[in-house]
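See the structures that follow.
Each of the two complexes below includes subunit A, the first together with subunit B, the second together with subunit C.
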Partner chain A sequence: MNNFRLTTYLTSNIGADKSIIDQLLSHCAIRQYKKGDFLLRQGEKCEYSFFVENGLLRQFSIDDKGKEHIIQFAPENWFMSDRESVYFNQPSTYFIQALEYTTVFLVAETLLLELAKTDAAFLAFNNKLLHNHIRHLQRRITQLQSATAEERYLYFTKIYPDLTLRVPQILIASYLGITPESLSRVRKELAGKNHKK
Partner chain B sequence: MNNFRLTTYLTSNIGADKSIIDQLLSHCAIRQYKKGDFLLRQGEKCEYSFFVENGLLRQFSIDDKGKEHIIQFAPENWFMSDRESVYFNQPSTYFIQALEYTTVFLVAETLLLELAKTDAAFLAFNNKLLHNHIRHLQRRITQLQSATAEERYLYFTKIYPDLTLRVPQILIASYLGITPESLSRVRKELAGKNHKK
Partner chain C sequence: MATKTVELVVSPREPHFVGDGFRVHNFIPSAYRLDMQRMDPVIMMDYNSRYYFEPSEIPKGVGVHPHRGFETVTIAYKGKVEHHDSGGGGGIIGEGDVQWMTAASGVLHKEFHEKEWSKKGGDFQMVQLWINLPAKDKMSTPKYQSIENAAMSRYKLENNSGEIEIIAGEYEGLKGSASTFTPLHLFNAKLKKGATANFSFPNNYNTALLVIEGDIKVNSTEEAPTDHFVLMANDGEVFTIEATNDAIVLILSGEPINEPIAAHGPFVMNSKQELMQAFDDFNKGKFGYLED
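Let's turn to the complex of A and B:
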């Protein structure tokens, strides 16, 4: 029995036969990336869902003025992909980059779809992944539309509890859609509040 | 043969047998709402995907300060739902409201899932709906993170070509995440540019 995080993830999330999970894993390449390496660049077609076995990824776009905007981080046990590019067979508008030395499983979209056709557990799993993704995106939109800098930061620490120390402040600020100065102010204020408790 | 927009939509999008589509339609209630009526309120559980046969819906949240934030409009031929609430069986964070006299089909999520299990065309269709939704949400995030007021408005006129005259300016501004004054300025500038052409 292997000890991959992906095995545990699939066992606890799908509840499919071990043989089915082994079958999936046997079709997935495992790859390692150095800090700074790109798994996907804007304009390329995304063909995989990347499952982070160890390490950390970020997904971001670059606007016309050259400014980066981070849409998501993916530490261990997260999937990252440009579902739009994969599904609609279009060039991606995103970059996916390793922020640390990172080991990922490359799960081909075609493989998930094939398994979903023949195995009800995988159909349900794929549905869950898609709905989780929708939930995450909806919350991002609500945050960007209405949350204060402090609310955004608190939500960030909730969904990514161990990233505040792993990710440079400037990248956290980019994800939150606030300036690094605002982030610094928020962190100081929160530290002050916690100190008073 | 009925002449519903939903029939045409399903025929052209699924390519399933007419009998299957009739089966789906026979399980969907059709309901009419007056301008201002709510199809869903914050805190309620969303149980349907609403297909707009005629009219116009908006989906929005209200923040702690009482300010409304519109996440989506749905004119004819659009689906609207809180997929998160439906799928995870949670109270919705959104309101869905009719902006005009509106006729909708209520498509139960359980029905789509049942059909997806037995009919490959419906499985593919449900997948397409989910990916379309993800595409839409991703683009909203990119817009909110990086687009100028003018870019946001131009994108709005592209995806909702007939809504500029149907929706009050204040609601368009809410959707775009800009002030009504900014929207007014953008529209004047664009009118000036078009006049010069």
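Let's turn to the complex of A and C:
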């Protein structure tokens, strides 16, 4: 179990010794999903944090009118989960779906909690992960409240540099909370400003 | 001069669709032992083997996408493709024609079946190659070379047994019209049953054949059927192709650039940093804009 992204991720992020990391990895199942497969559906209980080894996931909700709203994308090296469901034991209000052929590690919440009890470094890592997640969501809320469409788009490309080439415009627009037409206009205007012929 | 022997005969892999208009077998870089370094400077080969497309009012193809750091070469054997780019360029690649696009510092383009052709449908067969650029030319200005079949140099083989169409490089003193950044030969050998043709390339040139039609024997012994790829070893200079029945063979031979390759998606650069720059430039609209 050495050439996985998850191994590198854990090694470079946790000051824990190798045995803890090996212990964690040995308890994680690895799964493959085809494009379109669901890892979680609304109403189900989310049991895992999904770590994307290869591929791409999206997490979204569907409103009363049947419209989808993407809250997050998870390409390689990202975790995706529903904290409300996984930690607070609620049925999930989200769907998690593979947008490409995707390989994920299933990291059980119970496993994380167990390891955090016995290993200080692991607890610190888990905290960092959570705070990172909170920071990401805070920024996202601010963006949705007060940033222009162009600012949102540019911020998106900073977080997800290659997704503009992997994801259809309509899904990016859904994430940004703008219409596909607005996204198209933003990209056209950016090209007008930045393209030197 | 020593014989260049056959290193590997590769069967076509399972095809996949690029957009909805190109049903391709990828040979380079995904086939066994055909990574980007092995056939350097030819770093990608997608082969749309002959495939019938039903008539379609809406042309099938690939939507807007960028390229940076290399050239795309499209060789049309059957069918017609229409392309447009962010520089306002565009055109039609007809049967037998070749389009040589130097993406270099960056273009956005889209490629679709030509409108009228699409309405009728028909057999479609094409090769797309990516030819790497040396570091010093990766950020040069994009350009096109449209090489029409009628204008290609042709070397007639003895006894009217066939001809060699020269797209780029040189064969028996005849030069192809395409200009290349590094030494590269690209030919179509059209051979009648029983015809033979001889080739000679420096032994360090990475060399391969793709059998477009018919069946061939290389150096009298190695058989390669239709749609197979033949990788030649770097152990000699000369080799012979014999057509076991009427055949068309694409022949590629290029001097390796031997520089580091950093590739992700539609960008091929020398370092990870340059790749990240490519994504950033693309996201910021520096490649221009093209309507879907």
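Rule of thumb we're sticking to: the second predicted complex is superposed on the first by the 194 of 197 C-alpha atoms of A that agree within 3 Å, B and C clash if a C-alpha of one lies under 4 Å from a C-alpha of the other, contacts with A are read in each partner's own complex, and residues count from 1 in each chain.
Everything that follows uses one rule, which is that contacts are C-beta pairs under 8 Å (C-beta built on N, C-alpha and C of every residue); 3 or more make two chains touch, one makes a residue touch a chain.
Fair warning: this is a prediction, and the values are worked out from it, not measured in the lab.
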Partner chain(s) touched by A:E84 [first = subunit B, second = subunit C, both, neither]: first
Touching partner for A:L123 - first (subunit B), second (subunit C), both, neither: first
Which of subunit B and subunit C A:Q138 touches, first, second, both or neither: first
Subunit B or subunit C, by number of subunit A residues touched: B
Interfacial residue positions of subunit B with respect to subunit A in the complex: 61, 63, 67, 69, 71, 82-84, 87-88, 93, 113, 116-117, 120, 123, 126-128, 130-131, 133-135, 137-138, 140-142, 144-147, 177
Subunit C partner contacts - residues on subunit A that touch it in the complex: 154, 157, 161-162, 164-166, 187-197
Subunit A partner contacts - residues on subunit C that touch it in the complex: 65-66, 86-87, 264-266, 276, 279-280, 282-289
